[in-house]
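In the two complexes below, chain A is the common chain; its partner is chain B in one and chain C in the other.
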Partner chain A sequence: MIQKHFRELSIAVALALLLVALAVFAPNFFALQPLLSRLTAQTPALVAAIGMTLIIVSRQIDISIGSQFGMCAVVAGVLAAKGVPLPGVLLASIGAGAVMGAINGALVAWLRLPSIVVTLATMVTWAEALRLWQQGRLLDLPEQVKWLALGQTVGQTTLVVFAAALVIFAAWAMRNLAAGRHVFAVGNDAEAARLAGIDPQRVTFGVFVLMGALIGIAAVMSIAQSPQVQPTCGDGLELKVIAACVVGGVAVSGGRGSLLGVFLGFLLLANVNPALTHFHTQAYWEKAIQGLVILLAVAADGVRSKKAINPVVSAVQ
Partner chain B sequence: MKSEIPTPTIHRPEACVLRALLARQETIIFGVLVLEILLFSAIGTNFLAPDNIRNIARHSVEIGLLALVMTPIILTGGIDLSVGSMMGLCAVVFGMLWGEAHWPPWLAGCAAVTLGAAGGAMNAALITRLRMPPLIVTLGTFSLFRGLAEALTGGSKSFTDFPDSFLSLGNSLACGVPVQAWVLVGVFAIVWGLVHRTTAGRAFRAIGFAPEGARYAGIPVGQRIALAYTLAGMVAGLAAVIFISRVGEARANAGTGYELAAITAVVLGGTSIFGGTGSVYGTLLGVAAVAVLSNGLSRILSISDISRELSGMLTGALLLVALAGGALTKAWSERASRSKPANPIKPEPAADTEQPPSNR
Partner chain C sequence: MTPDLLSLTGIIKSFGSVRALKGVSFDLRAGEVHALLGENGAGKSTLIKVITGAHQPDGGTLAVGGVAVAALTPARARDLGIACIYQQPALFPYLSVAENIGLRLKKSGPFSRTRWKEQRACAKELLERIGAEISPDAEVSELSMPEQQLVEIACALGTGARIVIMDEPTASLTQKEQHLLFAVVRDLRARGIGVIYISHRLEEIFALADRVTILRDGESIGTNPVADLNEAQLIRMMVGREVSQIYPPSRSAPGDIVLSLKKLGSRAGGVRSVTLDVRAGEIVGLAGLVGAGRTELARVLFGITPADSGAITLNGQPIAIRSPRDAVSHGIAYVPEDRRRHGIILEMPIAHNITLAILRAFFPLTLLRDGAETKLAQQFLFDLGIKAYGPDAPGASLSGGNQQKVSVARWLATNPKLLILDEPTQGVDIGAKAEIHKIIRDLTRDGLAVLMISSDLPEILGMSDRIGVMRGGTLTAVLDGKTDAHTVMSAALGKEVA
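Coming up: the complex of A and B.
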């Protein structure tokens, strides 16, 4: 039990320590309204993390999600500014994300190109296309989009509950639905999965489309929180989300990982920066700490798998 | 060996050489480059003026340096996403050493190159010792190096007022050519020699084809990989110094996105992203093709804001097309060779088409 869930447990302990330290040294960190605001601000990235977990478990990676996010947010913003009702905006955003995901997925699944290079190329293509389109303009949003037209507190609660429900459903689906198991099978060994009757190319394609659709949802959740849309709002999202996955114990070699671990890793990382500002440290360290945490998690994985690879050595030790 | 060459197929080698030459991505990218030059000199004004050519050379040196050292890494089947961030960190450290510690520029430059080498060695250590995928390791250092650069400068501080003698490195001519272009030529010669004329270069390819096989063949895989990544870090430090001497300012965002431009140039130049095959001169052609495209567009479209984004977008799209084209031709040639009836008696001609020896 402890061996199997070692990663989840160790992150939970680290998270608990951080929260206890905050409770002792900065009790106003837990004041209700700011806490709810901070949680809400993190929901789009959390939804993106669900998709990234599936992508990494299926042995791929997608670093174009930041650009996809910006593109979806601007598409949604433009439509909302034209007076399209909220469901229409949401559908358009999901559609835009799914199309961008499908392009990635088609290139990776059927042309067998490495996902890192494909998504590197689409990342820059979408980002520059967006800059060409918007020229750095901020889009003003109409009132009815803000907080999904529900008022601040109810809107924030709705977003948090929705994101939590999505995570719980995805965690259940990854464990219990055939499609979820297929993702693990393909990530573990695509050839074995094929021999077992799974079409690895279709699974890969589907995972990328799902990633794009989730980014579409996340983008709408994000623009509901601000009066304007910034075309650069997705910058750095991919790193944040990949960091959460790696810290949460998703193996970058595919086939292994749990959404619970990702969720805990996400909370841990999301609390680092507010904690830094609460302890009056400069916020400029965020990126460096993110990088350091990724490397530490990777190093921990490396040391563990090295032991696991060589059973004779580990038995002697 | 002589008796194995069958006389009836004497016309074949020539056709094969021609076909192999046409199928090589280096030839294609050379054609693209020539086409670009013809197009831009026909449409744009003064595209081929010496000043403009010097301008292209001056602006493509940093990306060119990164692309050259990225080539051995991609040959081993790896990737280094951290070179752009390394440039930012080296630029900030160079600026601090000069502006706050009052080191002379040449000494600060040496420190920047050393720091780059240390960063590259760190990547290599994580990759070889812990056997972690280069992608995820360099994604971590991509964030770490840039974050350190931002933390050191508090997000906004930059260093200026460098002495003229230092700025002349990036802005003056030597023998009619921008000074830094000579640095690029020097690094090209070193990397070309390393990849195409030494056993280490063979080792890079062997590792790219099959790391485990390379190990059994007695190649010190860890050392060779470490060499490639350390060299990349070192040259990233050098590129940072050249960048500062060109723009006259050391800031944390130096080299943002350069890793993508470098990878694009390498892939356009015909190096397989899966490792194993590729060439250094192809990379140089790729760098030239991207630089000419961006310069030519900026001369045609008078609104320079649009041209920068358009050329960035086209570079990304070009990379996708090159990748997809490469994958499709590979798939087609595999299908073609599979659909041909197998000839169990004479397998030699098939082997010849794979590697035309007369090409060398």
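Coming up: the complex of A and C.
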């Protein structure tokens, strides 16, 4: 039990220590309204992390999600500005994300191109397309988009509850639906999965489409929090989300990982900055400390699995 | 008298609470082939690792050429002339043969210059010495498995090895390639090199070895000249019990035709014009040399490289198989060769491995019920006698024979009509082999049709009701199961069947 969930437990402990330290030294951290605001601001990236977990478990990577996010946000913003009601905006954003995901997925699954190269190319393509289309303009959003027209507190609560529900459902589905098992099987050994009658190409394609669709949802959750849409609003999202996956114990070599771990890793990384603020430390330490957390997590993996996978040791034997 | 090349006395080695070696003694003389025999888990690999310096023994002494060696390391073992050739050669696939040999022979610093000509000449000379027709400029990835083994042997010679360890070198070789390898081993012996030879195939021991040491449960049961033993004695020493009948008898009378192939061919798959029937309750063995098209035929039947000519009929219905998914939906199951790569997923628990093929890709929203899954897995663990601490144990924790059983269980769970087995007992110890044979035979009693590919001739002869022999991508003969080895081999080699 402890062995199997070592990573989840160790991050939970780290997170708990951080929260306890905050509770003792900076009780202001837990003031309700600012806390809710901070949580809400993190929900779009959390939703993206669900998709990234699936992508990495299936032994792929998607670094184009920042550009996808910007594209979806602008599509949603343009439609909202034209007076399309919120459900329509959401569907359009999901559709745009799914199409971009499908393009990545088709290139990776059927043309067998490496995902890092494909998504690098689409990352640049979507970002440039967006720049040409919007020329760097900020889009003003109509009032009824802000907080889903529910008012700030209710809107924020809705977004947080929705994101939490999505994470819980995805975690359940990864364990309890055949599709989830297929993702793990393909990530572990695509050839073995194929010989078991699973179509690895379909699984890979499906995972990329799902990633895009989740980015579509995340983009709408993001624009609901602001009066304007910036075409560059997704910049750096991929790094944040991949970091959460790595810290959360998703194996970059595929086939292993849990959403619980990713969720905890995400919270840990997301709390570095507010914690620094509350400890009255200069905020520019944030990136350095996040980097340190990632290094620690990876080093922990290296030490733990040294015997199992160390290529030097196995070559000698 | 010269001292023994290698002598081990009272070697003890424990891993945690498990005593892998309980005081094993072993010696190797110059110019002999000494076979090491034992079931999986008997301690052979541990003993080899002690000799190559990969493991430090907890007790006992080790002497090379009469000189006691304490604290042997892999590098020191190499300097002492100990070389080990593994089943899967450890070569760099994208470098040339000469580069591989050069890298192995010379320790060079990062800035030392590669002397290409010298390296090539040296590789050429070594390859010629063992009579291998391999170009030093060939890229290793283009070589066949036996050719790669020859390169390994050339490396061993080049390092001046006096003790050569061969760990199941013929596991993936064809009969013809085996004979080539045997000639090389005999040549090594003639040069005064001592060879430690590990194999599960008894006929090889008799063909090649001078002496044999049998290990059982970490103890040496005895060392004897091979000439003093017969097969039955050897088996008894290995398993510690009388194995009266290695192959279960065929009892069932075959039923209706399940699978019928008419001039089946696949250009991409390298199979042409195969016509064959397989009946319910029947085991059809597929014999032939590696590369004769047996695995290729299985891959066509399972939709991996779909057929482009001819017809497949299953239970009287003409069918098309375009993908493994099609094959699974038609009730065809394929337990592939090389289970470590593709037969089971090592990181996944046994239960997940067993249910993998029944979680149909058509219904990705199928709900998995933990309880039902565990129950199914437990049933198979019991039915097939899979030794594991439970359905949650990862596939990697099992021995080879048990992994194979899990691989079979996965397909039995799909309730297939036709089971294709590709080398079902490769690298499996004798006890587990007999169990797997019994399982296969029992399955046919329930009307399952079995197509079994094997390079192990006694297995083909012992298990098959009928034997199909393949050569050059097509079926050249269908023989009765009661035929003899000579007839099968002749057909496989393309000689007139007497």
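Just so we're on the same page, the second predicted complex is superposed on the first by the 308 of 317 C-alpha atoms of A that agree within 3 Å, B and C clash if a C-alpha of one lies under 4 Å from a C-alpha of the other, contacts with A are read in each partner's own complex, and residues count from 1 in each chain.
Throughout what follows, contacts are C-beta pairs under 8 Å (C-beta built on N, C-alpha and C of every residue); 3 or more make two chains touch, one makes a residue touch a chain.
Note that the coordinates shown come from a computational prediction; the quantities given were computed from them, not determined experimentally.
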Partner chain in contact with A:H182 - chain B first, chain C second, else both or neither: second
Which superposed partner A:V24 touches (first chain B, second chain C, both, neither): neither
Chain B versus chain C as contact partner of A:W285, first or second or both or neither: first
Chain touching more of chain A, residue-wise (chain B, chain C): B
First, second, both or neither for A:L32, with chain B first and chain C second: neither
Touching residues (chain side chain C, partner chain A) in the complex: 49, 52, 54, 74, 90, 302, 304, 323-325, 327-329, 334, 336, 341-348, 352, 355-357, 359-361, 363-368, 370, 410, 414
Residue numbers on chain A that touch chain B, as the complex places them: 61, 63, 107, 111-114, 116-118, 120-125, 127-129, 131-132, 135, 239, 242-243, 246, 252-253, 282, 284-292, 294-295, 298-299, 301-303, 305-306
Of all residues in chain B, those that touch chain A in their complex: 79, 126, 129-133, 135-137, 139-148, 150-151, 153-155, 257, 260, 263-264, 267, 273-274, 305-306, 309-310, 312-313, 315-317, 319-320, 323-324, 327-328, 331
In the complex, chain A residues that touch chain C: 175-179, 181-182, 184-185, 188-189, 191-199, 202-203, 206, 255-256, 315-317
